[in-house]
Amino acid sequence: MKLGFYPGCSLEGMSREYSDSVVALAKRFDIELVQIPDWNCCGATAAHNLNKELSLSLPARNLALAEKEGFTDVVVPCAACYSRFSTTHHELMHNHDLRHKINEVMEMEYKGTINTLNVIQFIDKYIIDKIEEKIVKKFNYKAACYYGCLLVRPNNILGFDRAEDPQTMDVVMRKIGADSIDWAFKTECCGAGLSVSATNTVARLSGKIVDDAEHRGAEVIIVACPMCHSNLDMRRSEINKYLGKKVTTPILYITQALGLAVGISEKELGFKRHFVPVNLPIKAETIQKEEVKTKKVEVE
Amino acid sequence: MNEFEPKVVAFVCNWCTYAGADLTGTSRIKYAPNVKIIRFPCTGRIDFMLILKAFAKGADGIIISGCHPNDCHYTSGNFHAKRRWMVFRTMLDFLGVDVNRITFSWVSAAEGARWAEIVNTTVDGIRMLGPYDNYRKMVNQETEVNNG
Amino acid sequence: MDKLRQKAKELLSNNEVQIVVGYEEGTAGKARPAFISSPDQADALIYDERCIHNLAVYLTQHKLSGNTKIAIIASFPVMKSIITLASEKQLDENFIKVIGISKDNNIIEFKDFADIERYINQQDLTFTPEELALIEKIDAMSMEERWEYWQNEFSRCFKCYACRSACPMCYCTLCITDFNQPQWVSVPSHKQGNFEWHINRAMHLAGRCIGCDECSRACPLDLPINLLTKKLSMDIQKQFGYSAGQSLTEPYALSTYKPDDKETFIR
Amino acid sequence: MARIGVFICHCGENISATVDCAKVAEVTANIPGVAVSVDYKYMCSDPGQNMIKEYIEKEKLTGVVVAACSPRMHEPTFRRACGEAGLNPFLCEMANLREHCSWVHDKNEATTNKAIDIVRTLVEKVKRNEPLMPIKVPVTKTALVIGGGVAGIQSALDIANCGHKVIMVEKDPSIGGHMSQLSETFPTLDCSQCILTPRMVEVAQHPNITLYTYAEVESLDGFIGNFKVKIRKKAKSLDEKLCTGCGLCTTKCPAKKIPSEFDQGLSNRTAIYVPFPQAVPNKPVIDKEHCTYYIKGKCKVCEIVCPTKAIRFDQEDEIIEVEVGALVLATGFDIKRANFFPEYGYGKYKDLIDGLQFERIASASGPTLGEIRRPSDGQIPKKIVFLACAGSRDPAKGIEYCSKICCMYTAKHAILYKHKVHDGTAYIFYMDIRAAGKNYDEFTRRAIEEDGAKYIRGRVSRIYERDGKLIVVGADTLMNAKTVEIEADMVVLATAGVASPGAEELAQKLHVSYDQHKFFAEAHPKLRPVETNTAGIFLAGACQNVKDIPESVAQASGAAVKVCGLFSNDELTRDPSVAVVNRTAPPLFSTCVGCFLCQSVCPYQAIEKEEIKSRDGKILKTVAFINPSVCQGCGTCVALCRSKSIDILGYTHKQVYAEVDALLNTL
């Protein structure tokens, strides 16, 4: 099966491991993620603070391109891109004049047939049902699922999960054997774009997140957004400075966690690119694929 | 070449939709002036022949609206009306009448904004469909008695 | 056939009824309705596949109804018509004797209307493949095609109202076509007038038509107007699970409702 | 030849701003049959009405069209005026130029043309109007009050004291409503029950009041002055005549772990129970859902211990039918619970409670006997946070409106807390302090100044539990939106007030309209705040929108006056637009063929058989007859009748046909 794929800047740059793990995971389930040809920047946080038309035209062009390629589902792993894509689709579908205007601006027509999927939705739709039989190593860790802001907000536009206390990621994680904990910072702000400009703010915001997760005994924090990842991972030294203690809880992309579970190598998943070393305690109970298969047969 | 302005007649019940349309007014929500309202005590009172007459007299579209199920001021008028419309709509469709020119809706006394929305979408819809020439042709043709 | 005549004779001679409504030889090898008022005329009675007129139409005519007791030769459609008329309080059970004719041409004695109701419900009441095909043919057309099709058909109608006179369910003493305050149906038989008339006829028979097709048979121009009522009968049966001519007690489909009637078009 | 007068109202600027009234007058003057067409600034004013009257006399008008506001607004006004001028009121119609034209369209030709068309339509209708005579119907001088809260109690007592019979229906085992749950009341801090219970007792003892507790309205038929109500008396499993209310059964009942509704789940009750000590009537009911006997088929302890043998396990619900002339709806309100707030933990934190629960905790008769102790461990909270506007004024929560009572009761809570926990700190997050009311602002000032409640203007984004504390994260908008974090021992949400659970269903049973929030709708937001759109049914208290006690009581008395006003007549005049079966010359007599298919469409069973007999009594024809005092004029039979033998006065075939004609002829 072929699905549309929009990596966006982060996944090409600092979060290449995210991109790699998404693609690798998809491949494991015989799904080919095909990049939208000639895709451009989604505008992210910058554009819509400056110029509405621009902030809509940029994603609209990508959507139109995807449409032209004949895709219906497009996987957009970066939460910011996902948010811009969804918002654009929503705005254009609810305002005909605007749609015409934007179509003129980009000299292409977006009909509105594209269905943007964030990584969790992608997993939920194409992978989760088939995952059990592919698990080779249970991901049996205490995990804190961190959704951040853009994955579930604005809820009325995304219509994805519960804005305040989302669950989809937790469900996925439990499927692969994780014990996803109930904690308070699932959707708190990590500092996002301030990552570079106001590191101390990021340290404070992300610090609280990391601290609460650790406080509640999480062995790993699971994310689905490059921004969240870099703030919780790359800014760990600042975080630790703010917290005045050394927190070593690693940050994994959900696709990396799933990747591990279905036996994709750490190398392939790009663990080495993390700042906080990912050395999860070795826990026993590794199942052989065959066993699973035979088990299945018995069941049937 | 002046643009086509749809003529739309609305048959509404006094207790819900008429009151709803009043609320549209009191809330100063604007809508297309193409629609003109005729007031009935209840949707149950609306005779299917009036719909044909409206078309015959030159309407391009028709709105029929009353109380939401269970909200009928007369408890069941709208339920009876609903059945009638179901049958009548089948009839019109079978005869090749464009049923998309008839909007059936429930609009309560509290749904002023909704009334405006119903009117506007209907008028837009009719504007796209254009004037109801088929019916006009049928009405305007010379009397011709054909002896088989 | 002799049985039939025999029956008629005895009914008339012991004055159980004053008139027997049945069929007799008509012109051009056709059968026509017969009104037998004395035993010696009874031999004129016939019954065969040519006897297709829905005799029930005569039951509501003032000339006949009243104090005269009538016996009627009832084919299956006639029985259904009788049930519908009775459910609409148009027939007095004490004045009508129904001599049923089964599909295989045997005489059936009916005690009362309830008896007929019982008999009807033992028969196969589903629409025939032929009937369904006819409707499907039109349903398959595009809206424009349907419009053209009917406009064509109606353009030939010249409002002789034979369809009205032939239909047992069209028993109004003053039809709305006779009103001019207001003028519900335009008088001339131009397309609009015809269109309005046929819609009215169909809507007034919606859920009441028992499907004898007498209307189109009576039509001098063979307009397929029976399809209009048939379409509605099918629709009403599908939507509300009700069909005419099968129950004396069940309320009329359009004068009752279920809160959960499923429609798809109301906003 | 018709002589119609057309009177076009400017409604100040409301119509004339977008509609060229002069032009409308000019054009409509030329409509055949129009004798005079004039426009004027305020038709509904005295001069305006007098002008109409003068023209009626001067021009010998046979009909009047007033082109002004909605007929739902002023039709009675102008019909009365016409009546006074000797013209049958029903020869007057209104063309709705304001709500349906000037207010919803821009100023341009199209709008004026539409106005003209509307007037023309109504002119054509009026030409065909018939003079009608109002129908007189008797009035049953008994009122039904639904709901036994403070509003219902007030209405019932007022009506009863005017000498009319009152039937009160309360769904719970006791009357008293929410007010009986409150600790103290603002702004005077007097004990809620102390002022309420005497009234409750008065209701129970009043000779004119029949009280049905543990009962609900099953159905309503009829119309103003002549309602028929079916009431379901739920089985109490008790013979009330024998029961002395000694309460022995409630002490012996083995099923003791049922969360008490009265204490908002903060304490437990038994399966056979009296909701609270001062309950009226003070006799127990058995809660079948939780009673061991009804569940397992054995127990009957209460029956054994009952000294008067009053327990009746075999008792069944009883449906009684009463006839009343008017209804007062006083079904009150409900509040959102903590589980409505995902950002505050979906109600999973024990020490995060709602306002009503705090009332119970603060109440001397409550689960903690008035000591402020937190539910989880019974500790006395040293830091308590109150959230005003929890859900209210929050479109994201679907509740745009202000719940109105929260600002005041939150201030009260803070005061009560400080009076009981002197070394404690009370924080209050608020949006605005809305304390409009006699001595209200003084009260909130007192909370701030005397009792030192710490008011923080800002909202709370999240509350989560950590190490036995509730971490409240909010913003202080007066400290340029600085984030505030408070480690609280207990949090009280002043949750939004909402319509009571059964409101929609009841509204549908009674055919009264309700708003999008399921609060019952008043007939006019300003001028008819206690009437509903259904004649003879009135509103009292929080079932219309959340109200505090003084407001509820005031409206309750208002509703009572409306009822008494209605009962001051022996007869009512009813709108004569009812359905009639036509009559024609013999031998037809009527075009009705007597198929009686119309009988089953009539929602009011108003259609009967009528036999037309000859002089010698011979039945010539059986036709339908519609009882005018039962018919409500919906017209469903009219549209059903194939032979068009039924017509509805005021909306006759001729009239509506002419309307369609006129409306489109010129479009």
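A, B, C and D label the chains in the order they appear, each numbered from 1.
Going forward, a residue touches a chain if its C-beta (ideal position, glycine included) is under 8 Å from a C-beta of that chain, and two chains touch if they have at least 3 such contacts.
Just so it is clear, the structure is predicted and the values come from calculations on it, not from any experiment.
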Item to check | Intersection of the contact lists for chain B and chain D | outcome: C
Item to check | Chains most often in contact, by C-beta pairs | outcome: B-D
Checklist entry - If you average the Cα atoms per chain, which one ends up farthest from chain C? => result A
Item to check | Length of the line joining the C-alpha centres of chain B and chain C, rounded to whole Å | outcome: 33
Checklist outcome for this item: Cα centre of chain A to Cα centre of chain C, whole Å, reads 70
Checklist entry - Distance from the CA centroid of chain A to that of chain D, rounded to the nearest Å? => result 49
Checklist entry - Which residues belonging to chain A are in contact with no fewer than two other chains? => result none
Checklist entry - Considering chain D alone, which of its residues make contact with at least two other chains? => result 601, 640, 653, 657
Next on the checklist: Which positions in chain C are in touch with at least two other chains?
Outcome noted: 184, 254-255
Next on the checklist: Following the definition at the start, I'd like every touching pair of chains, please.
Outcome noted: A-D, B-C, B-D, C-D
Item to check | chain A-touching residues of chain D, taken from the complex the two chains share | outcome: 342-343, 346, 462, 464-466, 471
Next on the checklist: Please output the residues of chain D touching chain B within their complex, sorted ascending.
Outcome noted: 70-73, 96, 98-101, 103-106, 110-111, 114, 117-118, 121, 508, 511, 513-516, 521, 533-534, 577, 601, 603-604, 632-636, 638-640, 648, 650-651, 653, 656-657, 659-661, 663-665, 667
Next on the checklist: Under the definition above, what is the set of chain A residues touching chain D in their complex?
Outcome noted: 162-165, 183-185, 188, 212, 215
Next on the checklist: Which residues of chain C touch chain D once you look at their complex with the stated criterion?
Outcome noted: 88-90, 171-176, 179, 181-182, 184, 204, 251-252, 254-256
Next on the checklist: Help me check something: in the complex, which residues belonging to chain B touch chain C?
Outcome noted: 48-49, 52, 56, 69-70, 76, 79-80, 82-99, 103-106, 118, 134, 138-139, 141-148
